[in-house]
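Structures are listed in the sections that come next.
Common to both upcoming complexes is chain A, partnered first by chain B, then by chain C.
This part shows the complex of A and B:
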């Protein structure tokens, strides 16, 4: 792998790392398979791109993207807890609805940020580093900050209630927690992180595209599972860290796969969803296979 | 203390499996009264406990705890007044959370939860002191996940959690039924001690007649969604399994038959 591809993979791993934290929060903490992320990632990208296009500071546009993502997650939570729609279906409904919403926000299928200042430009200028180094550094800092906040939050009274909601809802209701509320909060936070991830990706690749969210959930799951398979999950803080490392590993694996050549055959970016899906199947079944082999 | 008036509940209404689980149950509990609840499978005793806890809305009737009518309150809101222990030991604790985190969750029962630290340093002393009174050595394992504990240890921890903040009403739903006899005996001893010490108004559901007779101030028996026996005072203190069966036969005009009620 070239060093260019390596730094590119780090950059992607950190930018999507926020999304992976979000998927960890729903999939592992809340035990809620949330497909909303396929819609909230481009939502964040769209909101951020439109805001920057309108002259807003790119850092401030991240806050806006977070807010929009939180709302999207809260809608899924509302559909599930108040209207009693199956969690998976509730998230698919929001995801589909977001496709239209994102088109409305941008007014067209994609929006470029050519000639507009992005966080990446501002940070590169300020740090004086070449862009192939400054971008992964910037995204690494943002993701590390988000991880610290998430770990802190999961140790607060409210955070513990959120953990318990996924772990033993009956018990935590008996202790006075409205589990519907904690589910909505958790989904909101998860999709806020995902939308922020989308905003970073958009600012990095110079624009938002309505289709950029396809396969987000699968990439997120692959990263979470990869992380916990390689690094384990002995505590919440550890699991959060493993999720980010999993995101890096996943993007590195993809970069490697894209560099593969077998005669005239080579893997193209359009093959990634297939490869990722296979990777998730493998990661989900590997523990059982391992148990079988060694028993 | 507790007033349950005319509680009725039918499950699967209108369907082929329609079950009239509670048929107008009336029960009044005095402050500090410890009532054991007995009955065969499907008699409605656990359903009644769940109706009081607010697990489902009742079709008819009122639930009043203290001076508060909680009939319209959802389950989580009633937690401010009620402590609960379930039959399945894994239901009472969070397996992924540590022992101290579980206790911290219980310490906030019924209180709003904010962004303060989940486990506070000063609370650890309280946790250690309470745990040490269980005599299980759990006070030295505050940071172990509750999932590592045995069923008996978990049930002891759940008992402790249910009374960590004094509840107005304690609901025990066959909380020793899933334990081996020796462990069950220990948990019962702990139950009797805690209820006595704190003077808690308590409803304890059990399958075991000897338990129901040996504990508490009063015994009620459920049959087909109704309370058919209510024995208290002197009569309760002198109660034996044989008289309980006789009393049941008198009350219902039929022999007591049960698939699971234990006569030991």
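This part shows the complex of A and C:
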């Protein structure tokens, strides 16, 4: 793997790390399988791209993206808790609706940001680093900040209520907490993180595309599970960290698969997804194998 | 000692020109997804470079439809440090252009390079980028449909509103229809499973159906063909490959030829040292007309003699 590919994987791992934190929040903390992310990732990208296109500062556009993502998550929460639609279906409904919403927001399926000021460009100029180093650094800082805020939040009274809603809803209701409210809040936060992730990804890849959300939940779940299998779940803070590391590992697996060449038995480009899956299997089983060998 | 020097010099003189001639060019290719037209462009490109006598070591990457992998491929290519990059389709080109500013990038299969932000102008792209647009000449497509169906009043168009290229084409078609006094009815399908239903929604509302170069509809083309045959609706396509599968006719870009023409552009950069930023964006020189008389009969249409005579390929 070249250093460009390595730092490229870190940059993608951090950019999608925000989304992985969001998926951790719904899937692990709330115990809510939320597919909204497939729609809220491109939603964040769309909002950010349209805002930048209209002349807004790229950093400010992240705030707008977060707000839009929060709303999307809240809609799923509303469908589930107030209209009593099964969680999985509620999130699927929001996800498919967002496809049309995203097309409306952008007015077209692909909105370019090439030649427009993005956070990546601004940070690269300000830091004086080459782009392949400045981008992972920027995204790493943003993700680290989000992780710290998330860990802090989960230790507040509201955060503890959120944790309890996932662990034991009956108990927490008995304590007088409105679980409907905590579910809506949790989904909103999760999708706000995902939308912010989408906004960063769009600013990095040169534009927003309505199809960029396809497979988000798959990558999110793979990263969360990869992280907790390899690094464990000792505490909430540790689990948050493991989710981000899982995201990095997942993207490194893709980078490794992209650069793989085995002499004359060449791996064709069409094998990319298969090789990525195999590498993830390897990462998942390696710790257990190691334990077996050394015990 | 002198003899040794002489021999060394002779060997050097003999080897040096060979080295110069046999320079191996590293060409990195990025493509968003496996698709017959996109593959044809890639193969046409690489074969043509070989035919031009260039020694090329290609490194091909396909994102398998994954936008995140698409960006990582751009980083991967940056590390490969190639002599030239071929980017097939809009998202692949956007990711590469965003990351790589110091190597020649040649794109192909991009419908609207200007709207995609890849070039500053079609005549003088600027920077390290040039390439080919595959924008279909919608005026000629509509003219062909009207030649086959002189009484055309209402035309249906079937596409995915999520595909940038299709939206550009449908907007062009709208303008052409307005000029010709033809009403345009749109039916959209967000994924290939929705194509059947979208096609059905057009039955009874239109005289003929047209599909632009749309990946979603074309991948589920048989569903639309079935609906059109049942309702005796002549079905026209924007690509020639679909004619063999059962549409009536198409006047279109031959993607293999397009790849070859892109290779000619690449060769000018690699061999002649031309600057991509100064090379105008090209479009395909000649279009091929394919017709399918069997499909026409099943959809209740007799193709006029004038069309049959011009056809490059007639499928019975």
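Here, the second predicted complex is superposed on the first by the 260 of 295 C-alpha atoms of A that agree within 3 Å, B and C clash if a C-alpha of one lies under 4 Å from a C-alpha of the other, contacts with A are read in each partner's own complex, and residues count from 1 in each chain.
Keep in mind that, in the parts below, contacts are C-beta pairs under 8 Å (C-beta built on N, C-alpha and C of every residue); 3 or more make two chains touch, one makes a residue touch a chain.
All values derive from a computational prediction rather than experimental measurement.
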item: Overlay on chain A: chain C relative to chain B, clash or fit; value: fit
item: Touching partner for A:170 - first (chain B), second (chain C), both, neither; value: first
item: Which superposed partner A:158 touches (first chain B, second chain C, both, neither); value: first
item: Which superposed partner A:143 touches (first chain B, second chain C, both, neither); value: neither
item: Touching partner for A:113 - first (chain B), second (chain C), both, neither; value: second
item: Which superposed partner A:9 touches (first chain B, second chain C, both, neither); value: second
item: First (chain B), second (chain C), both or neither touched by A:272; value: second
item: Touching partner for A:81 - first (chain B), second (chain C), both, neither; value: neither
item: First, second, both or neither for A:251, with chain B first and chain C second; value: second
item: Minimal inter-chain CA distance - chain C and chain B, angstrom; value: 34
item: Intersection of chain A interface sets (partners chain B, chain C); value: none
item: Parts of chain C lying in touch with chain A, wherever the complex brings them together; value: 31, 34, 60-76, 78-80, 90-91, 94-95, 97-99, 115-118, 120, 161-164, 167, 190
item: Chain B partner contacts - residues on chain A that touch it in the complex; value: 153, 155-161, 163-164, 167-168, 170-179
item: Partner chain A, residues of chain B touching it in the complex; value: 53, 74-77, 79-80, 82, 84, 86, 90-97, 101, 104-106, 108-111, 113-119, 161
item: Chain A to chain C touching residues, read off their complex; value: 1-5, 7-9, 11-12, 16, 96, 99, 103, 108-110, 112-116, 131-132, 201, 204-207, 209-212, 214-215, 219, 251, 254-255, 258-259, 269-270, 272-273
